[in-house]
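Chain IDs A, B, C and D follow the sequence of writing; residue 1 opens each chain.
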Amino acid sequence: MNEKIGVYVCECGPNISDRIEIDRVIEKISSVEGVKVVKKFGLLCSNDGKKYLADEIKKEELTHLVVAACSPREHEQTFMNVCLEAGLNPYLFQLINIREQCAWMISDKEEATRMAIKYILAGISRVTLHRPLLKKELDIISDVLVIGGGISGIEASLSLAGKNRKVYLVEKKESIGGMVKNFSALLPYQGSNLAVIEEKIKQVQNNENIEVLTSSEVEDVLGFLGNFEAVIKSNGDGSVKKEIKIGAVVVATGFSLFNLKDTPQYGYGKIENVLDALEFEKMSASGKILLKNGKPPKSVALIHCVGREEKGYCSKVCCLYSIKFALHLQDKLPVVDVTEFYSDLCLPEKADQDYFEEAKKKGIRFIRADEFEVKDKAGKISVEYKVAGGKKDSIAVDMAILAPAIVPSEDTSKLAEILNLPLDETGFFKEVHEMLDPISTPIEGVYVAGCALGPKNIPESIIQSQAASGKILSSLIPGKKIEPEVKVSEIKEEFCTGCQMCLSVCFYGAISFDEHKGISVVNEAICRGCGSCVGSCPSGAIRSKHFTYPQLYREVLQALR
Amino acid sequence: MNQDFKPNLVGFLCNWCSYAGADLAGSSKLEVKPYLSVIRVMCSSRVNSNLVLNAFLWGADGVLIAGCHPGDCHYEKGNYYARRRFALIKKIMETLNLEPERLQLSWISASEGKRYAEVVNKFAEDIIQLGPNPFRTNPDV
Amino acid sequence: MSTQTESHKNHTKGVIISAKEGINKAILDIFKKSLEKKCFDAILIPVRVPDTESYAWVLLKDQSLLDEANPLPPVMSVQGAKALSSLTKHGEMTQNIAAILRPCEIRAAVELFKLKQIHLDNISLISIDCPGAMPLSDYVTDPEKYKKRFKNVLDKWGEDDSVRPVCHICNRFSLPSLLPQKSAKTSPAKQDEPNLAIPDLHIGLLGGNKEKIFLIPVNLKGRKILEKLEFKPDDSLNLWENKVNEVQDKKEKRRNEFNQELRKKIEGQEKFTAVFDECLNCHNCMRVCPICYCQQCFFDSASLNLSPETYLSRAEKKGALRFPLDTLLFHLGRMSHMVLSCVSCGACEDACPMSIPVAQIFSLVADQTQKAFDYTPGINKKEPLPLQAFLEDEFLEVETPSEATTPIEVN
Amino acid sequence: MKKPNVLVIGAGLAGMEASLILAEAGRKVYLVEKESLIGGQTIKFEEVYPNMECATCMVAPKQQEILQNENIDLLLLSKVEQVKGSVGEFKVKIKKKARYVSLAKCIGCGACYEPCPISLENEFEEGLSKKKAIAVPCPGALPNVPAIDPESCLRLNGKKKECQACKEACMFDAVDFSEKEEILDLEVGAILIATGFDMFDVKKLPQYSYGKANNVYTAMEFERLYAANGPTEGKLVLRDGGIPKSIGIIHCVGRAEQGYCSGVCCMYSTKFSHFLKHKIPEAKVCEFHSDLCIPGKSHQKFYQKTLNQGIDFIRCEDIKVEDKNGKLQVNYKNHNGGKDIFKADMIILSPAMTARRDTESLAEILGISQDKKGFFSTQSEKLSPVSTAVDGIFIAGCAEGPKDIPNSIAQAEAAAGKILSILS
C-alpha cells in the first residue's frame, strides 16, 4: 500500500462542528493505514475552502481524497472540480455525508460522532479501490433521418436542415404531405389556410439540404446518438437499397383511422352516404358536397367518438373537426340542417370553446347521446340514439359523417421492431417519460413526433417536431464531440456465460450479444450506469465502474464494525 | 431484550429518490436512530442477493433497500426488477425461517424526508426487539 | 391434477406396444426402427460403460450399439440436460437428434434453453415415465443389489423408498406435469397450446405393468414421427392415464407431508447452519447442477477477494472463524441464483460426499419460491425467466408499509 | 462567430427545460425568475397524473442541473424592466431585487429562521402555513437559501432598525442587510417567455362559499395539503382539524367567466379522488363536472381506474356550495334537470388556469400582443405555434395558454429548437 490518502473534515460552520467531536474523529482516523493527512476546515465549499483543498492535494501529493462534509447531492461536483484543478482524477475522491446523515439527524453527539467515524472509515477503505475514470469523447454525425413525410416530418426536416446538417426524409407513399393534404381546411386558429402547408412542402422540395426519398421504407437502423447507420429500401423501383450514416432519427409516421368495420352498428360501408371523416374532408376539398344521387344533402348528422369505447381513449381532435365540418356544410350549402352527436365535448385549448359557441350561434344542433344505431330507412339514413337519462330517440338525415378514433398507422409495430422501440398498450410509440420527456425514446438520439405518439392536433404535432429538432440541434452540434457517462457497466469476457439476462433488464438497449464470442457486450455510449445489469448477472461478470462489488463490500464491512 | 444493543443496519439507497429523501430528513433536522449505515447506489436494481446475503451473513442485524416508488424510477424500470430480486431473497429467508424480518424494502421519494425517518426508526426498533443477528457470533459463517 | 388431465385429454390417444421381452427391449426396438426409418440421424441415450456398472450419455449413430443402451438406468450419473448442453451450447444441431430424457432432465433442458446454454433446434425430446433413480452413493457400494432393487422400484411404482428422497416425493414424473398449464396470472406466453409442449413423444410405462408400454405423441412433430414409424396413435390410454393420476395424487400428498417434516428439521439459523456444518466446500453440488451454468460461480469466494485483515476482524468479533470460508454464503447464494429454475433432479445430493440433503432443501425452497413467482421451470419455452420480467402491480406485500402507504383510519 | 445569448423569462418547468437545452448547445442563458426559488408550480405537487409519480423526484434532478450549469446565469427575484432592439441584438434591462442572503455564503442550515421575530403568511403554501421573514418557502426548495422579505422584516421596513436576529444566528456571515437592488443590462439574441399561469380567483364566485366556509379548498391548496413536504407533511387534516369523510370536487370553476376549458382540471381532479380514496378508503368522494375533458391516449384509462375505485362522477350544472352551520352542502341540477344535494365536510374547487396578472405589462415591454383570453398570442394561424409576431421572441408553456406538463415541456424544447436554428 503506497496510497497517500488525504482526509478533510468540513466543520460546515457550527453545523458539523457543534454536533460531532471532529477532533476525536481526526484522532481516530489518522492511525488508519494509507492515510497521510487528516485535517479540518471551516467551510470547504467556500472559495477559500476550495483553494485550500487544491493546495493540499498538490502539497501533500495525495493519491486519494476523502472529504467528510455534506451530501454528495450538494457538493460532490464542487469537490470533483477541485480535484480536476489540482490534477487529481476526480474519481479518486469520495465525499462522506456526515452533515445530513449524522450531524443533522442524530442529536446525541456521542452517537453522531460514532457514526461519522464509521462513514469516514468506509469512505477511506472504499476510495483505495477507486480507479481513475476518464471522460471519453466521441465524434458525431450531425445529419438526421426523418421517417414519415406528413406535416410532422416536414416540420422536423425544415427546422433541422442547414448548411452543415443534411436531412434524409423517408416517405412510404409516392409523395410527401401526409394526411393533411386531404383536408379541406384547418381550424381558423390552427393555421387558417392550407397554403401554409403547401408552402412548407415546397420549401422541403427546394431545400438542397433535404434529400426526399419517396416510395421508400426504413429497413434497418443500428447505432447510438451521434452514430447511427440506416438502410433505406426504395421499393418504388425494384427495391434499391441505400445505406446512410446519421446522428439522430425522428419518427413521424403519423396515424390512421379506427377501422369502422369493427363497429357495424354505424352502417358504414353498408348504407349509402355514411362517410368517415377523411372521406368528407376529401369531398369538401373537392368543393362538391353531394350525395350519391348527385344532390346536395339537406340534413347531415355528425357522430363523434366512433370507436372511442373500443380503443379506450379520447382522440381529442374529433370534436373540433366535426364542428369545422358543420360550419363548412352551412357555409357551402344553401339549406342544410346539421346535428352533432357527442358524448363529452373535448375543447381543451383556449380558443376551442369560442369556436364551439360560434357553431351553436349559427344554429348547429348539439345532442349528447350514445348507443347509436344507423339504419337505412327508405333511402334516408335514420340515426337512432339514447340521450342522457335513457330516453331513446332518432332523426332522419341525408348524410351521416362518422368521426372515428385516431389509431397508430399500420406499420408502427414493424418500425418499432426495426428501431427496437417500445409501444404502449394503445399501440402508439411509448415516450421514455410521459411527463418529463414526451418526445424521447429509450434509445437516445431516436425521437418520435406527432400522431405516432398518440392523437394530436396540427399545432401540437408541429411543436413536437420542433421539440425533436431542439433536442437534436443542442446535442448534435457539427464538429462538437459528445461525452458519454463514465460510470458505466463493463463486462469481463472470461466470466460471461452468454445467458443474456443483462440484455433483458437493460431499458436503454445498451447491451448487445456478440454471437461470435458468445458473450454480452456493453455499448458505453448508451449505458447510463444504473447497474441493473450488474444486479441481474449471476456470474458477476458485469461490473459497474465506481460501484463495484469490492467497493460496496468495503462499505458494508465498515458498517458492521 | 438487551437494552444497550446497538444494531448494525445496512441501507442501500438509490441516488435519485431515497438518498434525496434521506437528505431531506437531515436538512429538516428530523431525529433518526443512529444505527443505519447508508450505502449509496445509483438505482435499487443494482442491489442483488450477492450484496444482501453478504451483509446478512457477515452479521448485519438488518438490511434495508430503498428506492423510488414503483413507476418513479429514474431509470424507468429499475425498481420493478429490484422488487422481484428482493421478493426472491425474502421468500428464501421465509422458507428457511432465517429471520426474514431483518430484510426490508421501502419506497421513499425525494420529498418524503419524514417518511425516511419513520422507516429507519421503525426498522431500528423492530431489529432491537429481534436482538442481534445470530450470524454475528456464528464462527461457521 | 384435474386441469392437467384436461389439458392433455386433447392428445391422450397413443400407441400401445407390447413389452413381452421387457421394457428396455421394447423401447430400444422403437429407436432401432426410428434410425432405420431415418426419423433421426442419431440418438442421445444413456449407455452402460463396458465392463463397469456405470452409465454415460452417448450420441449413437450405429444402431447395433443400441443393445448396450439403457433408456432408464437405475442411477442418474450425469443430468441429461448437462449432456445435451455440452452437445449444443455452441450451435444448433445440423442433423436430427433424438434425446430420451427423464422429465426433470427435459425441464432442466428447457431452463438452459431460456438461459441460452442449449439449442433445441433439430432435437426431438422424448420423455419417459420416471420411477426415480437410486442414490449414487448406495448404488456404487453394491450395483447388483441395487439393480435388483430397481426392478422392484419399477414394479411397485412410487412405493419403494429406496430411490433418492427427492425422487420418492417427485410430483413431476410423467407427461401431464410437462404440459403448459393455464395460469392464475395468465400472461400471453402462458397460453395452453399443445404445440408449446416441449417433448415431442412421451414413453408411458405406468399402467402397463411391464407387459406393454405406451407411445404418446405430444405435438405435431411427435405425430409425424409416429407416422414415419408406421404407428397409428389411436389406442386409448386410459390405463396409463388413470395410473398416472393415482400415483400423482399419492406423491403430491407425500411431498407435502415430507416437506413439512423437512422444514421442521432445517428451519432457523441454528439448524440450518448445522445442516451445512459438514460441507467441505468442494462445490460438487454446483458442478453437477444442470442449472448452474456459470463459468465461475460468483460464490467461489475468490470473487470476494477480501483482505486477510477483514477475516481477522471477523474472527475477532466471533471469537473464531471457520475455514474454508463462506459455506452458507455459497449455498444461500447459489440458491438465490438458481432456485427459481430448480427442477429437483437430485444431482447435487448424489454428488455430495458428505450426503448433505442439499437436493431436498433446494427442492423445498424451489416449491415455495416458484409458487410465489407463479412460475414452473421447464414447461414453457416462451415464458420469460422470473427475474427477466415484472408486473407493475405485484409483490406489494414485500414492501414494508409506512404511514404514506397505509390508509388512515377514520374512527 | 460569437453565438448570441438567450434570455429565458420564468424558471418553471418550461423555462428550465429550454434553458438546459440551450445551455447544452453551448449558449449562455440568462434565466430570470421573479421568485426566490426555481421549479415553478410543478414542485408544489406531490404526485402527477396519470402515473402518480412524485413531482419532486421528477423535477429535482433538473433543478440541480440548472444550479450547476455554468452556461446558465440564474437571476432570482428579478423582473424584466425594458427590452430594446431586435432579433440577434436585444438589449434587456433586468431589475434584480435584493435577497439579503448571499447565495455564495449560505449553506442552507436554517439556523436563521427560528430567531426571526416576524412570521407571515407563506404564499408558496397557499397561506396554509406561516413562515418567518427570513425563510425558504418549503423544505427541499432549491436553491436551498432563504430570502428576507423586506416588507415584513423589522429591520428593513424600519420598524426595529436594530434587529439583526438572523444575522447573529448565521455562522457564515451570509446575511447582508446592505444588499441593494440592482439593474442589469444584458444583450441577447433571442427571448423566451415561460412565465406560466395563475389560477382563477375563486373569491369572485361567491356561490362556492370559498373564504366563507372553512373547509372549502382550492386545488392548489389541496395540492399542498397532501404534499409530503407541505404544511401538514402530507397529513389530510382539515382547517378545523378533522379528517374528511365526504369530499366534493367541483370542476370548471371559472370556466364560464374565462370562456375556455383549461384542459387539465378533469385529470387533476381525478388525481385528487384517486389519492383521497387511497388515503381514506371509507371516504365518499364525488366529482361534479360538466363535460369530461380527458384527451390523450392514457388519460381515459386513469379515469376508468379511478371510477372503479368507487368515485361518483356526476354531470351537472348550477352548482352552489352552502355552509349549513359548519356542514357543507352542494346543491346542483342533475342531467335531467332535477335538483339534488350532496353533503360534504370538504370541498375542493378546480379553478380555471388564467394568464398571469403581469402578462399585460410584460407584453407591453416586449412589444407583443395578448389574445382575447389574456395569454400571450403566438403565430399559430401561421402554423408556428411557439413564435410571436416579433422575430426572436418565443413562448413556451402555460404563458401561451392552459397546458399539461408534457405539452409545456414539448413547447419549451420546440422554442429552444427554433432559437437554435435562427441563431446558428
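Just so it is clear, contacts are C-beta pairs under 8 Å (C-beta built on N, C-alpha and C of every residue); 3 or more make two chains touch, one makes a residue touch a chain.
Everything numeric in this text was worked out from a predicted model, so none of it was measured.
K.L.:
Counting C-beta pairs in contact, pick out the pair of chains that comes out on top.
P.N.:
A-D
K.L.:
Give me the ID of the chain with the smallest distance between its Cα centroid and the all-protein Cα centroid.
P.N.:
Most central by this criterion: A.
K.L.:
At what distance in angstrom does the C-alpha mean of subunit D lie from that of subunit A?
P.N.:
Whole-Å distance between the two chain centres: 24.
K.L.:
Centre to centre, by mean C-alpha position, how many angstrom separate subunit B and subunit D?
P.N.:
Centres of subunit B and subunit D (C-alpha means) sit 35 Å apart.
K.L.:
Taking the mean of the CA coordinates per chain, how far is subunit C from subunit D in Å?
P.N.:
So the centroids are 61 Å from each other.
K.L.:
For subunit A and subunit B, what's the span in angstrom between their mean Cα positions?
P.N.:
One centre to the other, that is 32 Å.
K.L.:
Identify all positions of subunit B at which a residue touches two or more other chains, and write them in rising order.
P.N.:
Within subunit B, the residues that touch at least two other chains are 20, 27, 29, 50, 54, 58-59, 71, 74, 77, 81, 85, 112, 114-115.
K.L.:
So which stretches of subunit D touch two or more other chains?
P.N.:
Subunit D, residues with two or more chain partners: 51, 53, 58, 228, 234.
K.L.:
Could you say which residues in subunit C touch two or more other chains, in rising order?
P.N.:
298, 304, 337, 387, 389, 404
K.L.:
Quick check on the complex: what are the subunit D residues that touch subunit A?
P.N.:
Where subunit D meets subunit A, its residues are 21-22, 24-26, 48, 50-51, 53, 58-59, 62, 64, 68, 104-105, 107, 109, 111, 171-172, 259-263, 291-301, 304, 315, 335-336, 371, 373, 375, 380-386, 401-402, 405-407, 409-418, 420-421, 424.
K.L.:
Taking the touch rule as given, give the residues of subunit B at its contact with subunit C in the complex, in rising order.
P.N.:
Contacts found on subunit B: 49-50, 53-54, 57-59, 70-71, 77, 80-81, 83-92, 94-99, 104-107, 112, 114-115, 118-119, 122-123, 134-141.
K.L.:
Give every residue of subunit B touching subunit D within the complex, in rising order.
P.N.:
16-17, 20, 24, 27-29, 68-69, 71-72, 74, 109-115
K.L.:
Any idea which subunit D residues touch subunit B in the complex?
P.N.:
Contacts found on subunit D: 46, 51-58, 60-61, 108, 110, 139-140, 144, 227-229, 233-234.
K.L.:
Sort out for me which residues of subunit A touch subunit B in the complex.
P.N.:
71-74, 97, 99-108, 111-112, 114-115, 118-119, 122, 432-433, 442, 487, 505, 507, 528-532, 534-536, 540, 544, 547, 549, 552-553, 555-561
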